[in-house]
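Letters A, B, C and D mark the chains in the order given here, with residues in each chain numbered from 1 onward.
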Amino acid sequence: MNTSISQTAETGHPSPLRYAGCDSTTAIRYRSDVDAVRVFPCKTETHDDAETVFERAGPRAQLIGEPEKMTAAILTCGGLCPGLNDVLRGLVMSLSHHYGVPRILGIRYGYAGLTDGGLSPWELTPDSVDEIHRDGGTMLGTSRGAQNVGEMADWILKQGITQLYIIGGDGTQRGALELSQELARRARPVNVIGIPKTVDNDIMWVDQSFGYDTAVEIAARVISDAHVEARSTERGVGIVKVMGRDSGFIAAGAAIASQEANVVLVPEVEFDFDGPNGLLTYLEKRLERKDHVVIVVAEGAGQRHFKQQGREVKDASGNVLHRDIGELLCERIHRHFQTLEKPVKLKYLDPGYSVRSAPACATDRIYCTRLAHAAVHAAMAGRTAMMVSRWSGHYVHVPLELVTKGRRRIDPTGSLWRTVLEATGQPCLNHGEGRC
Amino acid sequence: MNTSISQTAETGHPSPLRYAGCDSTTAIRYRSDVDAVRVFPCKTETHDDAETVFERAGPRAQLIGEPEKMTAAILTCGGLCPGLNDVLRGLVMSLSHHYGVPRILGIRYGYAGLTDGGLSPWELTPDSVDEIHRDGGTMLGTSRGAQNVGEMADWILKQGITQLYIIGGDGTQRGALELSQELARRARPVNVIGIPKTVDNDIMWVDQSFGYDTAVEIAARVISDAHVEARSTERGVGIVKVMGRDSGFIAAGAAIASQEANVVLVPEVEFDFDGPNGLLTYLEKRLERKDHVVIVVAEGAGQRHFKQQGREVKDASGNVLHRDIGELLCERIHRHFQTLEKPVKLKYLDPGYSVRSAPACATDRIYCTRLAHAAVHAAMAGRTAMMVSRWSGHYVHVPLELVTKGRRRIDPTGSLWRTVLEATGQPCLNHGEGRC
Amino acid sequence: MNTSISQTAETGHPSPLRYAGCDSTTAIRYRSDVDAVRVFPCKTETHDDAETVFERAGPRAQLIGEPEKMTAAILTCGGLCPGLNDVLRGLVMSLSHHYGVPRILGIRYGYAGLTDGGLSPWELTPDSVDEIHRDGGTMLGTSRGAQNVGEMADWILKQGITQLYIIGGDGTQRGALELSQELARRARPVNVIGIPKTVDNDIMWVDQSFGYDTAVEIAARVISDAHVEARSTERGVGIVKVMGRDSGFIAAGAAIASQEANVVLVPEVEFDFDGPNGLLTYLEKRLERKDHVVIVVAEGAGQRHFKQQGREVKDASGNVLHRDIGELLCERIHRHFQTLEKPVKLKYLDPGYSVRSAPACATDRIYCTRLAHAAVHAAMAGRTAMMVSRWSGHYVHVPLELVTKGRRRIDPTGSLWRTVLEATGQPCLNHGEGRC
Amino acid sequence: MNTSISQTAETGHPSPLRYAGCDSTTAIRYRSDVDAVRVFPCKTETHDDAETVFERAGPRAQLIGEPEKMTAAILTCGGLCPGLNDVLRGLVMSLSHHYGVPRILGIRYGYAGLTDGGLSPWELTPDSVDEIHRDGGTMLGTSRGAQNVGEMADWILKQGITQLYIIGGDGTQRGALELSQELARRARPVNVIGIPKTVDNDIMWVDQSFGYDTAVEIAARVISDAHVEARSTERGVGIVKVMGRDSGFIAAGAAIASQEANVVLVPEVEFDFDGPNGLLTYLEKRLERKDHVVIVVAEGAGQRHFKQQGREVKDASGNVLHRDIGELLCERIHRHFQTLEKPVKLKYLDPGYSVRSAPACATDRIYCTRLAHAAVHAAMAGRTAMMVSRWSGHYVHVPLELVTKGRRRIDPTGSLWRTVLEATGQPCLNHGEGRC
């Protein structure tokens, strides 16, 4: 057994946590540090199936220090995702109400706010965050891209920050790990806690990331819109592009939820345009039979169809920039049926910004709140260089080293993709080279 | 006073209308044919302000013939619009339940279904339409473009159709007028009733067209998404393109409703990009002051910025095809701030299909039902070559000749546009050549 | 012609209204004081059909005084209604941005806040109201019941208030009229402007009151819930009680919108329980034929079935308190079918608070904003003792005397009720004594 | 280790499952029967913590028989729950499209339809269920209460039914177990598969039951309505009663999601009205401090406050009928503050029917579809007397014996209840007798 307890700073201060008005401490079952969650085998490209356990999240009886001397800082990085404000709100509420931390800094526009060049942080209070859960986006603002780790460490220490909550994707968490290492080198007790954020649902060792339920809800509605459009004309083809750079979870989930998608294209499963097993031939048959078709495509699907010459282009966070598969689909489908003299009516929908800027649905609100409280309990107990997560339904601590080693992807032989095939009736769309 | 009573066929059959189970006729106040609605002055390019009255809609005591010998046909033309299925449902329910018309044909894919080349019509019954109001789109399918009037008249008479309900925009209603004239020439009593459909809200002599409330609701939510996106980054610019070929009603309504639009661009009011009063200068000031801005643009705005050489391009319905002002805005704004070395983060949202394919909201459902019933009452009473409408809040009959003479547009000196200016704080964005 | 121009204080100050950045005044078409809207005959119990005209709303070139010396106050009275915060926001934005009024007081909890016993008012600014439109309810709080007019006048003058916006129902507007008369007696130029608020949609001389669209949307969804419940069991009976003390507009609108109501009971149309034309007999037939039925009942329907002994009970606002018709329906229906040995499964839904506390839908937001701006323009131009309204689609000024003379009710012989009968197929449910 | 593989009938027919058009079988990873999911300790009143494993759900290579000779039957029992139609749709689609089962019977109104006295079953096809997921409720109808097991077995065998899908709560699953035992006694190979349905989320060995996400979404909105109402008046008290007979999961989830609940009362945690730690004293303090309070109460909370004399009353399904805690709360709170001469304004909301009759949200749609497919795969592979479930995020088979041994309840010392305390700030509301 491979025990992955995240780093624990020395502890020693009794926790002030007494849920309002309770005389006894019976309301809380403090977690002992050996209470662990067994990790189900999670087959990925980068990990073997060795059994691992994660430390359970939750309040501890001993804290790393006196809360009234602490300063917390919070930042959000990368693209928007439903639930960011719920996490912010949960952090501030827990720091203030549960532990009485007196100073909470809201860092502006991601890592850029941890440098002298950034905007000054805001002081956050329960009042200032009380109603932000109703809004999409992040009240702190966000940005992409890294900053110099040394400069950030300087700034953090200069500000007297004792704990840092970093909400972002795998790139962001890599940065969090480096920052925690730099701070450790300086032997200063700053607890760095990551909170995994990815609307694509592709962070390792997270059951499902916050915002995903909301994203699927909204994307499914847009698939229904495409279905209405496709059915209302002769030979109607609706194409919906959804987020999913390397992982097609939103495409898969929204397609199943809508019950109205006929073809789903994801990065994990290759497809051909041409040939007897290709997409275009399948569309011909489908239109012959049903006169309409709805295609859901993840933005990262079919990238091999772009004959990329030279180097890949990357964005400020280091993510490979993808060519627009939605436009390629429109062009290839339009051309194909023009050539056959059976023109189709194409409707292309790209709801990306509306999906990611939505306020969180109820289940995401609950999840964000619980993640946020877990993050605060972890920092107060002295954990660092770790990420809070929900794994097999349990809230746990995951070491940041594990997180940064890969991305979670749909298993083409697993039950989620099987349900996509079952729900759409879509065939294998390639020459059998890969899994379909 | 200029009385515009629509053409009335001879009547003479007592109406069978007895609201279920009522022994007395007191439940119904039959409209007399001289009961009229005074037309408020409606200033347009094509009409003077002469006072006109419209005949009130509603059931008449005498019908044009025996309902049990009638055959009704219904078709939907042009683009989708929320509420189409509600109108279809209302027509079928009224024909069947209120009058007992035994044969109701659902024409497939617009005018194309009125020819031998089209698909065969469906027989519609209360059961087949009972739940269609929950779906967006039109169960009958739709298409753009005209057909030969003589051929359609032949087909209609061959099918034994005695009344025809045509749901569509001003182009469609022009076709309905020609068709009714052709049928009149053949001295066959086919009652042709138009039901005005335009998601742009631009048909003449209609208070507000069905689907507009729904369209505004959905477009306003997308403006909020753009606002969230723009506020979550530094120098964020959100651009939302909404429908509105010649009239900016959706842009205006959704902008006011969202309370989050900062600039509204519509076809009725010119704007400059450059110069001290131009859009780009205003955006500079706005970003300086607030760091974000949300622009709502109707698809037909700013067309003069495309140096159109040669002839205009038209679609199958004869509408001038517009160049994409949304993309031009993105390009000009991006370039401008690049040049200034103050780059902005642009988010461009184009929710068109989602707006028009939505199921109708409650107020549109009520409106569609009332229009549909009014249309059936009109046909049963022998009216033809007219359109049902709501005018100054009253359901009326409007002669098709009036409808086809222009399009309804926002009055730049009227109170709707004034509210846009009041709500956004946007200045005059041109050199004072036109109204701002 | 009976001209109802509302009282106008002397004017004389040129308006500062220049929509942001416009050099010319061409952006505004100032209303002249003789520009009027003709009143369509509105048959009510208290008014004859004499033609009346209302002054059009909108900005005037001359103001009653210098805006920078003014103090505005705003209050909300009576029950909640969707859109209250939108009206508040619109008033503050217009007072501050359009006219530069420096001091705007938000009166707490209705008329009670206009006395020494009430809570101190809040100072309102554009920032403090910027996002309140997303919330239902009223940020100022509300209360029922009157206060001493003299005391309120004293308090208002002591505070230096120069204009007062009173948002409330007909009882509230009666209070506003008395207050304006008392202030007039003291010869102090306080402009009292009413903004009609009634979720029941029953204020006279208002096309449709704000919040009604939202209320219908939500009530229609609950009718669908009742329909689902009723259809999922054998002999299912769904009963939905909606607001509507004296007027059944919500019941009628929501029933039509849902397309799923089978019986609608409103205060304006009597119904019998017993007898061959009674409700119970109709339910028997309906259950025989369809096995389920959905009844929508306005709270004020069927009050004669309560044998009220002694005096009527009134609430703090003087409204007659109604006995619960929903419970009576449940009891009578349950008992009737028990007696017949054909028991039914009753599901009773009472969504009142959810209907009235909802945030406004898009169309109500637009409407509230336009009413609020109209109210400010009226006060700035010196109007008093009047109410802003939309009448036949136009924004107008209505003298408060007119408003307080009755309530708007459904005309049982008009086209709205006819559509209810047409949409539900419901028969006349009384012995023919009244209209069905 | 305690292996709980459910009963497996003999298998031997190769599965026809080839996802449309795939030549190879590589698209499917058939489950072997020894692939198992380890059960996390689940502390309940009736179970010890012994480690158990569940068989994983999914298609098997060998089937129990030839699909073309099978007849499936489906029924829904007990109260409504969001997602019922999604499960029905998924079952029919999988039986028909994946396996080619030619005859699928929809049993009417629950167990009553499995007897000669019930309505005749419907034949279900992919077309007849294609759009039912948009509707709440169950297209088959439902009823409560048991039927004679022998009679049902007779009827089932007479109809030639070879597999039976029973969707219902723990009472229903007890019936399913008895029925499967009776059928086993007759040595007839009818595969009985349970699908757990409980809007209360209280079935054992189910992570979370379908419909719960939707229920929480809707209940959370009603809590927001109560919050709006409570805040809009002086001393406003909003009370929302939600479903939860023995388990407070909806109350807990909706309270956290809304972020606006101040007190949550559930069956698992006792509360006192009186005394220094009692609810009424806490409300006094809360109103003093904040002037409003929102209470969320599960219907089964506080039952000891009803001095139940004599026997418990049970409904047709054998569930103990609870007295109305919502009304008791209203009465006690009203009286308490009347006595203190500080009357409160109570708003009581009871949205039960709207919660359970809603169409499923996207995540519930996905879940229902996956459960339904898993159920069909299980029956085709010959499983019986088992229930499909999601456990620790994995789809598994759970023997019906386990299911019927208790109910899942909130652990008052666990992290969900801790989050409720953390999110509301509510204290221990009893004399420390139980956990708070």
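Here are a few things to note about the model shown:
Here is the rule we go by: contacts are C-beta pairs under 8 Å (C-beta built on N, C-alpha and C of every residue); 3 or more make two chains touch, one makes a residue touch a chain.
Just so we're on the same page, UniProt names per chain: A, B, C, D = ATP-dependent 6-phosphofructokinase.
What you see is a predicted model, and the numbers here were worked out from it, not measured in a lab.
When you average the Cα atoms of each chain and compare centres, the chain farthest from subunit B turns out to be D. Counting every residue number used by either copy at the subunit A-subunit D contact, over half are found in both chains. Between subunit A and subunit B the centroid-to-centroid distance comes to 41 Å (mean Cα coordinates, whole Å).
Subunit A and subunit D, compared by their mean Cα positions, are separated by 29 Å.
Averaging C-alpha coordinates per chain places the centre of subunit B 45 Å away from that of subunit D. Looking at subunit A, one finds that residues 135 touch two or more other chains. The part of subunit C that touches subunit D in the complex is made up of residues 80, 109, 135-138, 141-143, 221-222, 224-226, 228-229, 231-234, 347, 349-351, 353-354, 357-358. In the complex of the two chains, the subunit B residues touching subunit C come out as 19-24, 26-29, 37-38, 40, 57-59, 86, 89, 93-94, 97-98, 133, 207, 213, 216-217, 220, 253-254, 256-259, 277, 282, 361-363, 365-366, 369-370, 373, 392-395, 413-415, 418-419, 421-423, 425-428, 432, 435-436.
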